[in-house]
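Encoded as structure tokens, the structure appears first; notes follow it.
Chain nomenclature is as follows: A, B, C and D, assigned in order of appearance, with residue numbering initiated at 1 for each chain independently.
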Amino acid sequence: MQRIGVFVCWCGSNIAATVDVAAVSDTLKNEPGVVFSTNYQYMCSESGQNILKDAIRDYQLTGVVICSCSPRMHEATFRKAAAAAGLNPYMVEIANIREQCSWIHKDKAAGTEKAIILGRAAIAKVHLNAPLTAGESPVTKRALVIGGGIAGIQTALDIAEAGFEVDIVEKQPTIGGKMTQLDKTFPTLDCAACILTPKMVDCAQNENISIYAYSEVEEVKGFVGNFHVKIRKKARYVDTTKCTGCGLCTEKCPVKKVSNEFNLGLDNRRAVYIPFAQAVPKVATIDADHCNMLKSGKCGLCAKVCTAGAIDYKQKDEIIDREYGAIVVATGYQPIALDKYDEFAYSQSKDVVTSLEFERLTNAAGPTGGTLLRPSDGTHPHTLVFVQCVGSRCEDDGRGKSYCSKICCMYTAKHAMLVREKYPDTEVYVFYIDVRTPGKNFDEFYRRAVEEYGVHYIKGMVGKVAPRADGKLMVQACDLLANEQLHIEADMVILAAAIEPDPSARHLATMLTASMDTNDFFTEAHPKLRPVESPTAGIFLSGVCQGPKDIPETVSQASAAAAKAIGLLAKNKLTCNPCVAHSDEWMCNGCSACEKVCPYGAITYMDKEFRMPDRTTAIRRVASVNPAVCQGCGACTVACPSGAMDLDGFSNSQIMAEVDAICKMK
Amino acid sequence: MQEMMIAKARELLKSGAVQRVLGWKAGEFAYDVEPAVFESAQELEKSFVYNDFCGSNLSKYLIAQSRKEGKTLVFLKPCDTYSFSQLLAEHRIVRENVYAIGIPCQGKTDGETLKGKGFTGILSAQCEGDTFTVHTLYGDKTAARADVLPERCLNCKSKKHMIYDELLGEDGEVLDSHRFDMVEKLEKMTPDERFAFWRGELSRCIRCNACRNVCPACTCEKCVFDNDASGIAQKAAADSFEENMFHIIRAFHVAGRCTDCGECSRVCPQNIPLHLLNRKFIKDINELYGAYQAGEDPDAKSPLTDYTMNDAEPGIVYHRGGNQ
Amino acid sequence: MSKEFDREQILRTSGVNPRKCMRCGKCSATCPSYDEMEYHPHQFVYMVEKGQLDELMASKSIYKCLSCFACVERCPRGVEPARLVEAVRLQVVRQQGNNHLKANDIPALLDDDLPQQAIVTALRKYSK
Amino acid sequence: MQNEMTTFKPKIVAFCCNWCSYAGADLAGTNRLTYPADVKIIRVPCSCRVNPMFILRAFQRGADGVIICGCHPGDCHYTTGNYYARRRMTLLFSMLDFLGIEKERTRVEWVSAAEGAKFAATMNDFVATVTKLGENKRLEDLRCKK
């Protein structure tokens, strides 16, 4: 039998005005197990806490019930006080007689009666409380960054800077991500490569950073502080330790017509290639789908010309096992496919391009060497039409995305401005629904495009783009402010395609047991207060994988995610929540129902040998909960048919004791 | 069929491929067929039977048998294979230790049903096509097959074996049964009528636990109703609510796992149509979360350990079923 | 009949929620009879929302809509302006209290050059 | 009869998840939004912690109504808990209805930490509904008292 002390707080008049606190403490004194019962003006005050501490010592209390304000308010306070007096903090229960009683009831008799019942329920629960100790788990002092774009690079650099080892896993042959494909960046018009490539080099040179390019995460096991990750290093058929990146092989390779993904298919590359001159790591990669040697065993030219002897046609995928304390997701985005937007003739005309393709067409390292030429005939375009919100803010039929892609207004202003600056003989139209430019110097930038560069901003949407036989694009649009329909003969149409999370993110989220929203963006632990953490402990979010954002915002979030990861890695041990599930192995059926509903992957199964009552031994499959991973939701306890799974602090019997105390037998 | 089965079992025992055979054994009366384990050819010869009384579902016994040393040969009727498959999905049976032979089934009768139809002094029974012949002390009597089969066989959901190592005879098809008709009929009643119906049925419960003990989904190492710590353990009813709680909880615990084999109703000594509770859950699951048949696809996610973001709200109960 | 009643009727017969409109104008951008209309598709949506029905109901624009449904197809928010135009037209027709084209009149109107669709559209437009 | 209706005080058990609904109940208190004292709240970590056994136990011990409150679907602190709770409770309530028990005695409501007013309104409505139904007899009476 527990020795329980009851402490009824007046909370000044907050409770005492509608609850007869003396009656409550007197009545509860007679409950079984209660050896001490009192009431006091402010239990949370220092003197109130001293009453609690003294009573614990003087009456050798094993359990404490405090009738006071909401446990959300002072549960921690009273637990701490109890612990100071030598009582296990989890032997304290709160009966909420303020928010859920005195404040909502005006009738003192009813309020008092309810307070007594709530007190009884808490006493009934404390009878079944058991001392709980928070467990500890060690922290592996290394971080994994998944994705090597600007978000991943910034996060990795910040973590490395703080003295921790970081691995970057990037599925492309080089790090750098989408930013490497951009020409200039708004609102300052720095060249993207000029600000990004030094950071890429920093990554390569930093002792704390290891880059696994052309690699993918294969499996994630473990939990915060102790993740076990399998990384698949895809075969490049090139020994990266020998390759000097001289590029000779990429000039000699006879397979010339492979669509160049770096230039979005606007030109071709060879079967052995280096994506671009500043690639990190700067090594060649053989594209197995197109290499003659790998497909038919006939060729071998690259091996012949390679002076370093780096070509290795027999190379195999390699699996690397690593342990990490923290994982940062920085998987980024891609523009959506526009094949469902027939009205813009994207698949019918080469001169209708996406904004990202337009970046390549204006980039000095792009297929046209930076001269803006019509992809169809290589002539200089005179009339350009930019269409905003293509697939963004769409709520109709699964063609587009319901959200605003956030970056299009600004990059379109940039494109329009740059075109007008370089080619003053052009007419540039931008069709917009709204121009959204919140950001430092953003609106000023957009206004400059209009005021200084004479870009025609037209409020309205393009309804139809029709390619004409002479190569012109007939653009039919609406000018809502002038209330007229426009027909423009354009040379090029540039579509601001919506952006969506990288398709690899969905599978990754499953491996990480990190949650996603309906658009496949990773969910943050709290939309305002914990924006860079996933609800799954130890997983942090960096960049567009969490939601659309531009480069400045991505970099800030990347550093924020790094700070959170550093905060975790700096700890030697993690304290766990002691109110976690546990399985009674003798009752467990091993049916896996609990495992299926666990959002954290905290439950694993093992075959365990049991000494049975009849002295035989039996091997049974039983569940075991990792207390460091379990967050204590209790989903498993209900999924379990045998009741083997129970939750410490909110056990079946505790909750039923509360139910009984509230209902009482009729 | 019986001879083929015995021959097969004998052969497998002899070759050492299996150590024991799980089948049916003749009892004192013809209709008293019961599950049994045979370990030798002699035992098989002596009492192994397969006839129209072999209704019991053997899959549950594999939980214990498959944990023994060596392999167990088991004969499974189509509906038993659903339970077998479901138990495999729940990791209750050691698959490597089982050699499953699928056997055909044309529906099984039982003593209760026959006696209920007025047959007495039953010696044996036989079915040819649609005619059922009962040999009794008082001579042979015939009846239409449909008249002597229990409800579960009349509304058989499938003649197709879900899983087996070997098949004797032909495999059948999944049938288009009317098994939810009675549930539907009850749903159409007013709540008062439903209440009256169930009061009439459940008030007969004597808490013998036969339904639980026979159920191939009720395989807990320790049942919550036997566990003192669970807070609801009570063999004897402390109050009149006890049986309701037992049956609702039992049906809930097997919801999404029950294959609708109908054993619960078969064994109930009080003839309570317990399978209707399970079928109600199955019907609700099918209607609310998409068609699901436990034991059919081992990779399918059980509806109660799965969800979609657009699931119906519990308030839907106020709008469907019952014309209050 | 009150304006509020008209509005209710129009919203109900069309099934359109004009509040979903985000004023992008893609309906008007895509409309083939834009120049024929006094009030354009996007204005229909806005005016119904604002309750400016007298102007709409008096306008010839409601008969100029070709019912080609391009605006319905292209609208990114699923607003379906053509249904609104049709509902306004229907409201006018109903208030006039008679059918301007009956099924029985059709055989006399048929000739080889007239597309079937024109008849169907006309019946949609001019009868209750 | 009228008199009886007004004097009947139902026993109502409310299971509230710690993160949303319990906080919503606290907010109702902070804003002094009243609801009958017949409602007694039991704090659980998540609506998915509510075992059907608890609900039946409450009825067994004389509760007249049981309400489960959790975070709105999609907002669960544990990401997915309330989705499971939603299925479980839907099926359980449907079963109780199937047995002829008044379905209005059970309810699930999603109440966020910000919805103090909704919490109070929900409780007022639920208490009124259960009061109208009167004492819970059917669950007990399902088996005839001899």
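One rule holds in what follows: a contact is a pair of C-beta atoms (placed from the backbone, for glycine too) under 8 Å apart; a residue touches a chain by one contact, two chains touch by 3 or more.
Computed from a prediction, not measured in an experiment: that's the story for all the values here.
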Looking only at C-beta pairs in contact, point me to the busier pair out of B-D and A-C.
-> B-D
Specify the chain with the shortest distance from its C-alpha centroid to the centroid of every protein C-alpha atom present.
-> A
Farthest-lying chain, centroid of Cα atoms versus that of chain C = B
Could you grab the centroid distance between chain B and chain C? Build each centroid from C-alpha atoms only and quote it in angstrom.
-> 62
Separation of chain A from chain D, taking each centre as the mean of its C-alpha atoms, in whole Å | 34
Note: chain C sits from chain A at a C-alpha centroid distance in Å of 46
In chain A, residues with contacts to at least two other chains = 597, 639, 652, 656
Which residues of chain D are in contact with two or more other chains?
-> 52-53, 57, 80, 84, 88
Set of all touching chain pairs, with the criterion as stated earlier | A-B, A-C, A-D, B-D
Can you name the residues of chain C that touch chain A in the complex?
-> 20, 22-31, 34-35, 40, 42-43, 70, 74-78
Spell out the part of chain D that touches chain A in their complex, as residue ranges.
-> 11, 13, 18, 22-23, 25-30, 32-35, 37, 40-46, 48-54, 57-58, 61-63, 77-81, 84, 88, 120
Footprint of chain B on chain D - complex, ascending = 52-53, 56-57, 59-60, 73-74, 80, 83-84, 86-104, 106-108, 138-145
Which residues of chain A touch chain C in the complex?
-> 343, 389, 393-397, 400, 433, 459-464, 476-480, 483, 485
Quick one: which bits of chain B touch chain A in the complex? Just the residue numbers, please.
-> 67, 90-92, 219-224, 227, 229-232, 253-254, 257, 301-302, 304-306, 309
